[in-house]
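Working notes, beginning with the structure itself.
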Amino acid sequence: MASTAADSTAQAAPTAPPSLILPPSQFARLQPHAYLLAHLSPPASSQQPSLRANGRSPSQFRITSANTGSLTHTNGSAVVRLGDTTAVCGIKAEILHTEDIPSWSVSHSSSSLASNKRRKLTSPAENLGADREDGSEETDDDDDSYIEDFSLLVPNLSLSTGCAPGFIPGAPPSALAQSLSHQILSLLRSTRIVRSKDLQIWYQRPNLGREELEVHNEDEQMDVDVEQDRSGGATPEPREIKAFWVLYIDIMIISLAGNPFDAAWLSVLAALRDTKLPRAWWDVDNEIVVCSDLVSEARKLSLRGLPVASSFGVFEADAAAGWRAVLIPDAEEERKIADSERKGIRRRWILADPDGYEEGLSLERVCLVVDRDQGGSGEVVIVKLEKNGGFAVDRKELKQLVEISAQRWEDINQILGQC
Amino acid sequence: MNKEAPLSVVERDFILDALRENVRLDGRSADQLRSLTVSFGEEYGHVKVQLGKTSLIVRISSEVAKPHDDRPFDGIFNISIELTAMGSPAWENGRQGDLEAYVANVLDRVIRHSNALDTESLCILKGVSCWTIRADVHITDYDGNLIDASCIGIMAGLQHFRRPDAVVKDGQVIVYGLDERVPVPLNITHKPLSVTFHTFDEGKVVILDAARKEEQASEADVIIGLNNAGDVCYLSKFSGSPVDALVFVTKTTVALEKVKEINSIIDKALQADLAKRAKGGLAEQARAENDRLIG
Amino acid sequence: MMGGPIASLHPLSRADGSASYKCPSTGSNVLGSVNAPVELPGRRDALKPEDATIEVFVKPGTAPSGVGERYVEGILRGALSRIVLGREKGYPRRGVVITLAILGGESIGRGGSYLPLLPALLHTSILALLSASVPLSMSLSATMLAVNPSGEIVRKPSITDARAAASLHVLAFTSKGHLLLSESEGRFNFDTWDKVYENALAVCHGTSTLSSDGDVAMTENMDTQPLEGFVRDTVEDHIRAEYAWKVDAA
């Protein structure tokens, strides 16, 4: 009797005061902000480094891997994993006949005399442009307007059902998916990564000299040959664009754990590098475009540069500071506070490649897309910079972020080189 | 969703009682239009319509496109209306409500299906290219009678709009910029407008151009679409309680009178704008010459 | 040369607040309305418990809205939500609905750059928010700068300047001088951006704030008033007009 009573009290003792200690996973859910803050600013006595809840240092990106050519029915494809965020990109090339383009036969006389000339292939401007082809970046500038004018690149991003909680089946494309699609399209355009030359399908009228050869014997070098002929003073040969390749770039985020843009863009980049277009020509007898089924004749795209995206989120120690403060410090004071901060307590952290948890806790975002001139040896060039939603990132911080992004470029260059 | 806050019972009774005594909220008579101003912006086809407190902006734009396969000789004309929270806080952005679909349908019938804009004249090259004319209606303030106000805006816009000149030269279409060649007005076959009536008190009271609160208190609406010549191109009694057939007969004459009145207001505004442009153009030329002299 | 922007406050009667804004260099003309605070019954699960939900809707003038609009809406929402005091009484769990209609200027095609319109959209929004008396922590001003291929910075670029530019930059500063937003595209390096920053700050806040690095401030000739003052002037003019009866009576 007595012994059992003693037993029960002994058992009850540890549970008697309701425990105030929560397992970390529950704490993370109940107080996400405090949880991340506790990781980033460990007590000085603990001798622990300031790490994020996911164990990364603030400027550390997640483990990135890329795999190309895994979808067999596409012209190019890639699967990119950025930690738990996974993006799949498939590129399908379709033929668009010029006669199906409403604005093909339209030229605007005023503003764009250039555009008028562009389509008359005998004009000297074209010859000059063709001469310098395959040279440095600046040569074939205005021939890329084809891509823009006729929408030859059609990216579409979808966030698949179940990629994150809250993505239910049957919902229309979310605002996030739409704006990511737009960002990818505008980046494809502004970086001019795909050359319009790669997407043109030509018809070469047989000339007297090589009657027998006909169109079938044109090899992939044909373009260059003919242009050299022409610029060499020969009478311009009647040659015309009969069709274009349209690249349908479909990106699917199958798992979303933060930073979808970096993953999506990297998958586009890897897939474009993987894309092969079959040799195609205009068959004048049947009036159709014919493609060669020889794999050996298929051509890779010659891309311009390697723009790499790096995104950052800003985590603030006091989330509601802007609201609670009677007077928000102005930019000058802000800088002073930032200077004095180094000694004392930090107020904010810039987190590279934020995961889903961190994204939910940061308002301010920075996205940098950088490239290097001359195939990687030259100077770092920024091709897109976006900073929005807060005051923490100013000139000094951006300068650091550009450096981090340049470092990231090296890593990605290596990763893409291996796949 | 997309419903205005309902009227209170007293407010409704007040409006009805007053109407029975032939008094309207704003003191108009039953067949009187609210004050209407039509003005034009800098660009061709930019119209601002102010009908009482209802105001809207219409923009007409043109683009070269490929004609529909089944109609190679026709150009394309579209009317687009989207109700945003700008016009009324009750309207939700990005969600189509019943009102939006209804107004779009009526506008389509009154203007597009009556062939007010001659689409054949928009053809450039058979089956290859044609003009697409697009009318965008932006409701900026909603205080009733959306349909009539939109009709006025679109018709004024179509008459004001000038598309760039285009010429076909050996299979190539050349589009000339607005500053290069005198732009071309659209070919308007007739000028239909809609006139909306609302009925109250079991059809005994019929008023024209109802304001928002009157619309809310009404039993039914009758829309008559007709042109200056009196050709009826649209008649509807869409919802609400039944209306005596005689209303259509008697009100058609009223509607014709109103259509003429409105069309003359549009004409006057167009004339004034044209005169202003001619003057502005001359001044511009003079300045350019001066510049040249100085240069 | 071209004058400054033209704006008016509260041109509409139904909306809680509204503003129209016209930028002479790009020709963009934007009308904005703000309804706040309003109930957002359809989005109950998206409402934040302690903050206001800001919704931005951009309606293009002569085209159906598409992915580009969703993108620019996101940018505007990001910038404005840092300025609106959504925790003030009456605002949490409610919506601040900003509707912007593009009424003039060139329309933007699919995938086209929204940067030329961004300053006008931001200015219209801030004026409309002021007109609706939405509590704000600060105001903002924004400007677009183009860097032409020879590396010169072009202030107040026209649409043609913007097309020919090597890079385009839109920067927005709060009334206290923080860099609130920076959107750039094209090819450029950090030093170029840094110069653009200096220039943009001068356009938005005048040269006085640049006094720390003296000679730059001296070489910039400011022919127009800083944009920050423009927002203030617009509001002051409106108040003067609204209270004319009171002033007259006194």
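The letters A, B and C name the chains in turn, as written, and every chain counts its residues from 1.
By definition in this document, contacts are C-beta pairs under 8 Å (C-beta built on N, C-alpha and C of every residue); 3 or more make two chains touch, one makes a residue touch a chain.
These numbers were taken from a predicted model, which means no experiment stands behind them.
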{"item": "Taking each chain's C-alpha mean as its centre, the one farthest from chain C", "value": "B"}
{"item": "Higher-contact pair (C-beta pairs counted), A-C versus A-B", "value": "A-C"}
{"item": "Chain B and chain C: spacing of chain centres that average the CA atoms, whole Å", "value": "31"}
{"item": "Intercentroid distance (Cα basis), chain C paired with chain A, Å", "value": "27"}
{"item": "Whole-Å separation of chain centres (CA-atom averages), chain A against chain B", "value": "44"}
{"item": "Chain A residues touching chain C - in the complex, by the definition given at the top", "value": "148, 151, 175-176, 178-179, 181-183, 185-186, 188-190, 320, 322-323, 328-332, 334, 363-365, 371, 379-391, 393-395, 398-399, 402"}
{"item": "Interface residues, chain B side, partner chain C - complex", "value": "1, 41-43, 46, 53, 55, 57, 59-61, 80, 82, 84-89, 92-95, 134, 136, 138, 140-143"}
{"item": "Chain B to chain A touching residues, read off their complex", "value": "64-66, 125, 128-129, 166, 171-177, 179-180"}
{"item": "Chain B-facing residues of chain C, complex", "value": "12-16, 18, 29, 31-33, 35, 38, 41-42, 55, 57, 59, 61-64, 97, 99, 101, 103-104, 107"}
{"item": "Touching residues on chain A, where the partner in the complex is chain B", "value": "99-100, 102-103, 105-111, 116"}
